[in-house]
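As written, the chains take the letters A, B, C and D, and residue 1 is the first residue of each chain.
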Amino acid sequence: MGRGRLEGFSDGVFAVAITLLALNLFVRGPGHGSLSHQLTHAWPSWLAYAISFFTIGVIWVNHHALFHGIERVDRVLVYINLVVLFFVVAIPFATGTMATYLQSGGQDAKLATAMYCGVIEAMGLASAALLLWAQKKGYMRVTALPADRRRATIRFSAGSGAYIAAIGVAFVSPVAAVAMSGLIAAYYIFEQTPRSEQVEA
Amino acid sequence: MGRGRLEGFSDGVFAVAITLLALNLFVRGPGHGSLSHQLTHAWPSWLAYAISFFTIGVIWVNHHALFHGIERVDRVLVYINLVVLFFVVAIPFATGTMATYLQSGGQDAKLATAMYCGVIEAMGLASAALLLWAQKKGYMRVTALPADRRRATIRFSAGSGAYIAAIGVAFVSPVAAVAMSGLIAAYYIFEQTPRSEQVEA
Amino acid sequence: MGRGRLEGFSDGVFAVAITLLALNLFVRGPGHGSLSHQLTHAWPSWLAYAISFFTIGVIWVNHHALFHGIERVDRVLVYINLVVLFFVVAIPFATGTMATYLQSGGQDAKLATAMYCGVIEAMGLASAALLLWAQKKGYMRVTALPADRRRATIRFSAGSGAYIAAIGVAFVSPVAAVAMSGLIAAYYIFEQTPRSEQVEA
Amino acid sequence: MGRGRLEGFSDGVFAVAITLLALNLFVRGPGHGSLSHQLTHAWPSWLAYAISFFTIGVIWVNHHALFHGIERVDRVLVYINLVVLFFVVAIPFATGTMATYLQSGGQDAKLATAMYCGVIEAMGLASAALLLWAQKKGYMRVTALPADRRRATIRFSAGSGAYIAAIGVAFVSPVAAVAMSGLIAAYYIFEQTPRSEQVEA
């Protein structure tokens, strides 16, 4: 099992999943009120689309960085990676369901939002399992410095804890949980980017 | 015909097919009962999604391993591979149909489940044809030891026989046939993984 | 513009288009007659799916062979290739429309079938333009022997003429035109495969 | 973060987005008037499909050329690229919405067409940000001649200005704005292609 084909297949799944998100974007067409009203009314769809798009983007970047450091691949790793993709593929569904119920509100909006945060949390836990397995088996190319490793653990735990908190918040205020999801994605984007480290091309 | 582009195209088809599975995940939205009721009622969809996802995953891993051992590619092999992909692409349809009819039950649930197992069996037979053609033509890189080859034949025959049995079981108890499909996928995942052999990255 | 990324993008489009064909496979679900009746009644969908799948497969194999012989790529070639993909991407739509109207029959079935054959003919003409441009500009790696070149021209003209004939036949008997489409795809598959020439892997 | 995997992922998104465009092609089927009437009536769909297909094609070619000149990739660049893809993925939705409302006309057709032009403009601005960042950071492989750089700036500004104008025109005449979009895509295709420069394969 070459690392190249595993990355190629994973990239394909990420690319299709991130593009299928856009199937959640739609308007009902003529006869369902003015277009501007429809576009305004469907704001949870646009917001959910944007958050999910950049969340999948962050996952992809992290997936990339993780595999960049992996030197060897075994079947366990292949199947843990499949579990990661299992939840990635579920994100468009979870996004669409959340967007639909945010428009109607009520108890269902809470459950739909909690399910959305839960799917992302599950994806994050599977990614952590991927990293832990690769570390345990000594498949990582560069033995990171203890300080870097500690920092990575803190960052992962923070993200994981934040999504667990978001699941809880969803049952009180779905909109607050959605805002948290957006902030977590933004945190991962901006926390890492200022360093702007140059990497081999 | 380079092996690389054949693998790239196949990986693309696998990636799209595995992601399209998620189109079978949907809820009817507000006005069709509570979301928790809808999610509970649609359990066959979640189960079928999970089984099909890991079944396609297993197929992809095996496809990968098979092509890893192939040194030469001819047009016959390309077209046999196309037959494999033909059935892979039909899996999301077969999954969706099975999930729909499992919810309504009756005679149709039996036929839908048998059709699902039949599509996977057909895909397995086409994969076997791929392997046999490559062996017959001497395209395999490593001439496996007789013991390994015998073991591979036993493993394939077992899987093939199990799906034929599942087709029969479907006409008695669709749920039992679904359970068999899940167990076969799990068998292939866990039977191979404990060895955890390291492979080139 | 590297040849590699052009092939990668084209393969992606082929992979998505061939997989989207399966979206034409569906049954109406419970309450629309027995499943076996629905499956039987929808035979044009299964037939059209199979023919289109292997037609796109043949196109992909030929596209592959063509680019394998191309050494240089210019922008004109990139845009002609885009025209080829333009018609490839329209095949799932043309397939679905033909399948739908073959079930209802009448004048519309004739038009839908003619449109289907027309899309494939247009794709073939664009592929021919791709080859001619590459030859005219001297981008082909191997200057084929005159006999081989003549043979390729005959094969292309035969295929092109056959689809033009199928467009005409569609207005008399759509089913006959569908059969012709299937036979043309089968011809391209079997005419080339017996030689089984070995190619670099 | 290797440039290769970034290009592979981007190509995947482009390939899926360009193929999903075809989901906007559909006819209502039997019982909704003759097929020829439906095909004629849906002309905005065919036109919008063609314009969007070649617009995404032009974007892909430019994306390709841009990354061909980039030697180093940092995280900022990865995320700016994600913003480009964010708008690429929205094009099928914007295309479908525009096509739907062009058929019904009225105020909504103006808004839908302006939204379509706006999505493409936003994609263009993100692409410009990508280029500017790579230039500012010194990631570009070849330091282009000042004359070439000036020419590229003029070409980009012209395209950007044309889409801004098209947004304005859309509120007066949607059909004129659609025609402008088609002409802009054609301009980019034909303006560059006559030179037919040969590039490494």
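Criterion: a contact is a pair of C-beta atoms (placed from the backbone, for glycine too) under 8 Å apart; a residue touches a chain by one contact, two chains touch by 3 or more.
Since this is a predicted model, take the numbers as computed values, not measurements.
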Same vs different contact residues, subunit C with subunit D, by half of numbers used: different
Quick one: point me to the chain whose Cα centre is farthest from that of subunit D. B
Go ahead and note the Å separation of the Cα centroids belonging to subunit B and subunit C. 26
What whole-Å value do you get for the distance between subunit A and subunit C if each is reduced to the mean of its CA atoms? 37
By the touch definition above, subunit D meets two or more other chains at residues 8, 12, 15-16, 20
Using the touch definition from the top, list the residues of subunit B that touch subunit A in their complex. 7-8, 11-12, 14-16, 18-23, 25-27, 29-30, 34-36, 39, 50, 53-54, 57, 60-61, 64-65, 68, 189, 192-193, 195-201
Residues of subunit D that touch subunit A when the two form their complex: 1-3, 5, 8-9, 12-13, 15-17, 20, 70-76, 78-79, 82, 85-86, 89-90, 92-93, 96-97, 100-101, 104, 107-108, 111-112, 115, 137, 139
